[in-house]
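As structure tokens, the structure follows; a few thoughts come after it.
The first chain written gets the first letter, and so on, giving A, B, C and D; residue counts start at 1 in each chain.
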Amino acid sequence: MNALTTMMALPLIGSLLIAIIPSEQVLRIKQATFITTLLVAISGVLTWIKFDSANTALQFVESAKWIPSFGINYAVGVDGLAIVLILMSVLLAPIVVLAGWNESEGGRWSPKVFYILILVLETMMIGVFAATDLFLFYVFFEAMLIPVYFLIGGFGSGERAAAAVKFLLYSLFGGLLMLASIIGLYVISGANGGHTFDITRLSELHTYMSSTTQNLLFLGFFIAFAIKAPVWPLHTWLPDAAAAATPGTSVLLLGVLDKVGTFGMIRFCLALFPDASKTFTPLILVLSVISIIYGAFLAIGARDIKRLIAYTSISHFGFITMGIFAMTSQGMSGATLYMFNHGFSTAALFLVAGWMISRRGSSTIADFGGLQRVTPIMAWSFFIAGMSSLALPGLSSFVSEFLVLVGTYTRYPVAAVIATFGIVLAALYILIPVQKALHGPTTPGNENLSDLNLREKIAIAPVVAIIVALGFYPSPLLNVINPASAHVLEVQGFTDPVPSESAGK
Amino acid sequence: MNPFNYLYVAGLLFTIGAVGVVVRRNAIVVFMCVELMLNAANLTLVTFARINGNLDGQVVAFFTMVVAACEVVVGLAIIVTIYRSRRSASIDDASLLKR
Amino acid sequence: MVTSTSLVYLIALPLFGSAILLLAGRRSDKWGHLLATALSASSFGVGLYQLSQMLARPTEERAITQKLFSWINVGTFNVDAGLLLDQLSICFVLLITGVGTLIHIYSISYMSHDENRRRFFAFLNLFIAAMLLLVLGDSYLNLYVGWEGVGLASYLLIGFWNQKPAYATASKKAFVMNRVGDMGLSFAIMIAFATLGTVSFSGVQEASHTASKAALTGIGIMLLVAATGKSAQFPLQAWLGDAMAGPTPVSALIHAATMVTAGVYLIVRSNFIFDAAPTAQLLVVIVGAITLMFGALVGTAKDDIKKALAASTMSQIGYMVLGAGLGPAGYAFAIMHLLTHGFFKAGMFLGAGSVMHGMNDQVDMRRYGALRKFMPITFATFGLGYLAIIGVPPFAGFYSKDAIIETAFNAGGVKGILLGSTALLGAAITAFYMTRVMVLTFTSKERWEDDQHPHESPLLMWLPMAILAIGSVTTGFLFTRGHALVNWLAPVVGEHAEDEKVLLQPVVVSALALLAVVIGVAIAIRKYQLSDVEKVAPQNVSFFTRIARKDLMQDSFNEAVFMKPGQTLTALLVQGDEKVVDGAVRGVGTMALGAGSALRKTQTGFARSYAALILIGAIVLIAGIWVVTQ
Amino acid sequence: MTFEAPVLHYSILAPILIVLGGALVGVLIEAFAPRASRRSSQLFVTVASLVIALAALLRVRNQVSVSAAMGSVSFDGAGFLLQASILIIAILSVFLIADQENFTALAAAVPGSEEERHSLQADLRVTEVYPLTLFAVAGMLLFPISSDLITLFVALEMLSLPLYLMAGLSRRRRLMSQESALKYFLLGAFSSAFFLFGIAYLYGYSASITFSGIQASIVGGSGNDVFLLLGIAFISVGLLFKVGAVPFHAWTPDVYQGAPTAVTGFMAAATKVAAFGAILRIYYVTFANAQWQWKPALVLIAIITMVFGSVVAISQRDVKRMLAYSSIAHAGFLLSGVIALSKSGLEASIFYLFAYGIATLGAFAVVTLIRDSAGEVTDLNRWSGLGKRSPLTASVFALFLLAFAGIPLTSGFIGKFSIFSAAYESGNTSLLIAGVLSSAIAAFFYIRVIVLMFFKDSVEDGTSVVIPSALTTTTIAITSAVTLILGIYPAPLINFIATFATFVR
């Protein structure tokens, strides 16, 4: 059986198993979920090892007829970009389960529902990255919303229902615009050699489109992805959702789901509408730069720790989109690597923040203080996560962020220069909460918080390990990413700008 | 004489009926107006049968009368029930369902 | 170029140490500090070994490299994790590990009462490792890693006692202002890659021959920005004073001897760029000159002994930057002053620490006085450092500072005269405020409370001070014998042809410098030794003194120009996001709802109105079709 | 003049005749069978005749004939599909109708009168509803295959008249029920008057009452275009009234709300299929060549209908009214299938009709389950917390709502996709955009209901979920299963439709 299909099937099977476990046996359910996600993670790593990075073609390809009369297939396959994101997703899943061991209690429904939703979501996370059939992608893209919606609304905190609705409506709106574009593509494909959703065939269609058509279809896709990503000014759902959701859900939401947006930009916006992408690049770069600075400022101004992390992500996604549309190999690879790294540094931030919140019973930064003395390990975990979020050299996110900046500078200096100011703001939005929460005298109410227990240590350890290891040695990922991103640019017909003053010339 | 005049008459009747439906309150009267419209249609059919020189139109007219009769049966049944429960045949009184 | 396999140990040893200490946690409280010290010392050992090796090789083969692995490799952007040890970096390696080790030793005793001593040593080791990476990296990007690494270490150590909010703030301030500088460094790297297509030192040097002035000037200016951040030069100097929040050994190691001099290293290392970009070079000397005056002036007004020393550090680094800005003539002297300063300033900081140790952490010099009697060793070592810094022959400072002043004068034209006289004036002021420190602390009559029992520090503390004192006595002499250091560095920073026509002969310069020193000392003695000093700083002082105490309004300036607007902007954006951006979204929802309830009204419930609707609909339909078809 | 005996293809007419026969038997039962045995026997007769009719229909599925009844009926693949859908929906609705809780004891009794109380005590049951249903079904079966104007008119009345009566049979809130019957009847009669007037003018235009004759003269272009215009316009008024298109929609909400829920379900599902079947045939076969006349107007009506339905539904507080408005919106979507005037448009419309009909029926079936002492609870606010009280019911209803909203993995999505792509393929971009936008609006209120059911706490006001009868359970089970299956693997049905969906000319 195809590796990807297996990976997608495993969580579903797991969820079925859990469905038959009586919901009283919460521990059994948790264990089952954890083991399932672990298996998926292992198979994911194996797939990544088997992946031939030299080969730019899609790998682990599998295709089966689904709705033949519409030319719709169940078609999966991965290139360097997809496999990296899948790897990230499947690695995060068990960590999330382990870290949020108790977050399923106190929800509207039994933990059983929570874990079933999580597993179903995992299947879709893998599917959305693996799909090589536009229709299949869209199905996952939209269907994903439902489990997340219930995870937020059913197990979140505070204004969970409102946040869930906001999230769903935003995403559905984007999704419907995308549907319009998809229908457009479908019709055009029908007019030129038969209906199809195969992305490789769709990527040849742009020659048949008028530039207006192409721009409109591009916008349909881009807006959908910009909402997911999220790009300013379509971001306002994210802070609410992240603040309402459980930490684990937030990790999957910001770490994985939002990546679908940036991934989609590469996979579909660029590949299907090269000319339109060129047309809109200036606009998108402006939006990205705004997101970077804007998100950073809002993070600085945030009072709630979860919202703060959400805003930092908006800033980070600005970097990613900027890297993508810089159309240089450094930008592209950097952006992809950024997606991976952001997954883990955000995971670290959210998980630790979640532990802090669950212990303190409040997510207001001002309620914390002096944690470094009370709960050193938790405090230092948060600090390291923060450092990786501000892209400290030696940590993974530095490599990607710098690649994005350098890659952008070579073609769009101004954007890169403005974006670089983001790194100063990053220092502020990380160090301010660090000072308020971890430093200073221990504020009343925090004296006897308990430090991380073994489970939590085990959960956070691999994240930190990955952050540090990739900071010093990113090649394992870069080697996989580079050929793929080079291929994307090649298809786009872009070549890196040559150094203007190189000794060679 | 020019058969088209019948069409004008029919059109006039139809309009009268339609307006009647809109302006009259009594359910029975409203229903009568509908009948008027139907018969206007019949007149038109017959006229066209004459103009086109075939009988189809007249056949339709017969069918229409039958159907109209059925409508009367059903219609009166409904109107009467309403009248019995509300003690009023004004269709404006029957406005519980709105918005 | 000769390749080596052993360079990495220089960094690996202390890095390993910090890793162990941080991961082992409390378990390593017993032996943590010893391990850290040992590792730092062994790193010093490796450094000495490398030096011996280097000396054994002929001049042109002295620089050696080690490629560990390919770090970042995307498209044409290829950066190896590679190390480069040449005549320049070996100086730093020895300074860092040497002084570092001494300060480790000192700290064993100084921090012995702190429950988190282990963590302190972990951070010290982390710093040593990062600093070594900074000076050993073979490309600007590797340097960048060390560059921010030391920033992190400095942040952690300044905020070591971050339970005091003020200290926490100080550490944050230091990190953020450093980041501003780091931004400059990243700009420099971006420009370098975009224009020269490489970021390795060798590559850039090679490309710099053909590159346009514009590109090089851009890179140079950005490097200067970076330097001002890290080395607390104008205009990014404001953080250094507050950085004294850290434990005194930290101030000695990081904020006097090593980290803050990284900027100088960066400029000297990039000599090939500045030599080809006069504009950038000019900016360098200007920054240097301004800062040396700035620091000196601030130094005259500080009553906190550590802040006074910090100000003097700023000023001294100003000298170095000035020297480095003078091109091939000055590079070597800048480095020389850097090294000598490393000794005497570290020594004085440790001395200050020892004083505080004896005066249970009192830092206000107005509460000192006559400590000579109580802590003679501290007095002696501090005194030697003092003599060195004010530049009394034959102490180290004399040689290095003199050389810079002289080169400044000989820079030629008005520029030369201006710079020279600035440097000279700076020397006088230096003499004044250092004497002030000396007098207020050791010689003037005692002003402390009776509950104070000043006492000499233990061996572990005074031994490093003594060694550093020796350094501050001898190094200048050693470095200048037969232009030892100049020749040693020549392969890196380039030969400097002895220019025949000089504005002032060395003798004259020395004479002037000595004169300036004497004046400065005299004023200070008259003002503080021969007249009484209030225990609390008098408020009825000249406007000048007042703003000098306020660091020449640097913080007020930053606050007014950056912080306040920034905070306002943040508040605005937060509001805007809530009201405008999200408001627009919510507005759409409300609009839809409104439209819904408005259209609902058409559903009156009256059958007749429905009929009317149908009738109108029919008419409109006919009319519509009519219009369309006609 | 000679008289030729009419030739009837009984095999083709069999389904209609069987249903009519069943109806007559039902009438006889009402007349002669003892009260006690009526219900069971009626139920049996009804279901039996419907099932047999379906079987008979399947037998002739491959036949194509324009002369089944002297040219007044033309049977073809499309006709077969539509009739099949109608029969299936009818059978499922009868299961609902069989739940007597919906119907008054004695229709003639005045509400609140002695007579009524007696009849309730005597536990009488109206069983006339079964033959009425069968008559209506017969009319519906005839409507989409009739190919001359007389048959069309007769069929229209045949399906309408019984529905007028059935609307008035509600057991509870009888005044509302009777009012809805009155409104439905008056407006229905009003609109059929327009319809008939239209017939007259079409006849005047073409001197023929057969579709083929009219089409011929449209192609020939002889004849007075004004008559054609009036004819098409008036006939459209009648047909659009039946499908509830704006501005002829006004009866829909009131009737849907007032009528017994089972009847509403039947009406909403089956009538739409029949009426749209007729519309499809008459526009595809007869008016196709005159599209320059009616197309712009119809496009406008379609757009207005979609938007109006979606927008007004947002502000509804009553679940049945909300579903009514959503059915208006769906009428708009279906019209875009009519406008497409292409094979794919026809297939899409038929698929959509079937999928939508099934989902609607299911939704109303669920509505019948939510009750309190005073009968069904249709006030949405009292539905809050349903997910807690009875997760299964709530989930099923949510499934139907998601299908209406067109979320992937439900039949609604496939339907939307195919019908919009058909519309766009035939060059109606405006319909695509309007459809997408109104779907976005529609999502708003479908999700509101889901929030209500799952994320709001339940109010304790006696609202409860009754245990459904076996028949109701069957209906709900089948409809939900179909909705899901058509979402996940629609290929078989799509292919089936594709092989049959053609109109004989």
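Note that a contact is a pair of C-beta atoms (placed from the backbone, for glycine too) under 8 Å apart; a residue touches a chain by one contact, two chains touch by 3 or more.
Computed from a prediction, not measured in an experiment: that's the story for all the values here.
**Student:** Decide which interface, B-D or B-C, involves more C-beta pairs in contact, and give its chain pair.
**Tutor:** Between the chain pairs B-C and B-D, B-D carries more contacts.
**Student:** Where the centres are mean C-alpha positions, what is the separation of subunit B from subunit C, in Å?
**Tutor:** Whole-Å distance between the two chain centres: 97.
**Student:** If you average the CA atoms of subunit B and of subunit D, how many Å lie between those two points?
**Tutor:** The mean C-alpha positions of subunit B and subunit D differ by 25 Å.
**Student:** Indicate the whole-number Å distance between the mean C-alpha point of subunit A and the mean C-alpha point of subunit C.
**Tutor:** About 37 Å, centre to centre.
**Student:** Measuring from the mean C-alpha position of subunit A to the mean C-alpha position of subunit D, what distance in angstrom results?
**Tutor:** Centres of subunit A and subunit D (C-alpha means) sit 45 Å apart.
**Student:** For subunit B, give me the residues that contact two or more of the other chains.
**Tutor:** 18, 21, 30, 91, 94-99
**Student:** Can you list the subunit D residues in contact with two or more other chains?
**Tutor:** In subunit D, the residues touching two or more other chains are 182-183, 186, 190, 194, 253-254, 444.
**Student:** Going through subunit C residue by residue, note those that touch at least 2 other chains and give them in order.
**Tutor:** Those would be 589, 600, 603, 605, 607, 611.
**Student:** Would you mind giving me the full set of chain pairs in touch?
**Tutor:** Touching chain pairs, listed by label, are A-C, A-D, B-C, B-D, C-D.
**Student:** Report the residues of subunit A in contact with subunit D in the complex, numbered from low to high.
**Tutor:** Subunit A reaches subunit D through residues 65-70, 108-109, 138-139, 142-143, 145-146, 150, 153-154, 160-161, 164-165, 168-169, 172-173, 176-177, 179-180, 183-184, 186-187, 190.
**Student:** For the complex, give me every residue of subunit A touching subunit C.
**Tutor:** 169-170, 232-233, 235-236, 294, 297-298, 300-302, 328-330, 333-334, 370, 372-373, 387, 392-394, 398-399, 402-403, 405-407, 409-410, 413, 416-417, 420-421, 423-424, 426-428, 431-432, 434-435, 438-442, 472-475, 478, 482, 486, 496-504
**Student:** Contact residues on subunit B for subunit D in the complex?
**Tutor:** Those in contact with subunit D are residues 7, 10, 14, 17-18, 21, 27, 30-31, 34, 37-38, 40-42, 44-45, 47-49, 51-54, 56-57, 59-60, 63-64, 67, 70-71, 74-75, 77-79, 81-82, 84-86, 91, 94-99.
**Student:** What part of subunit D is in contact with subunit C in the complex they form?
**Tutor:** Subunit D reaches subunit C through residues 182-183, 186-187, 190-191, 194, 225, 229-230, 232-234, 236-237, 241, 247-248, 250-251, 253-254, 292-294, 296-297, 300-301, 308, 311-316, 441, 444.
**Student:** Within their complex, state which residues of subunit C touch subunit D.
**Tutor:** For this pair, the touching residues of subunit C are 589, 592-593, 595-597, 599-600, 602-603, 605, 607, 609-611, 613-614, 616-618, 620-622, 624-626, 628-629.
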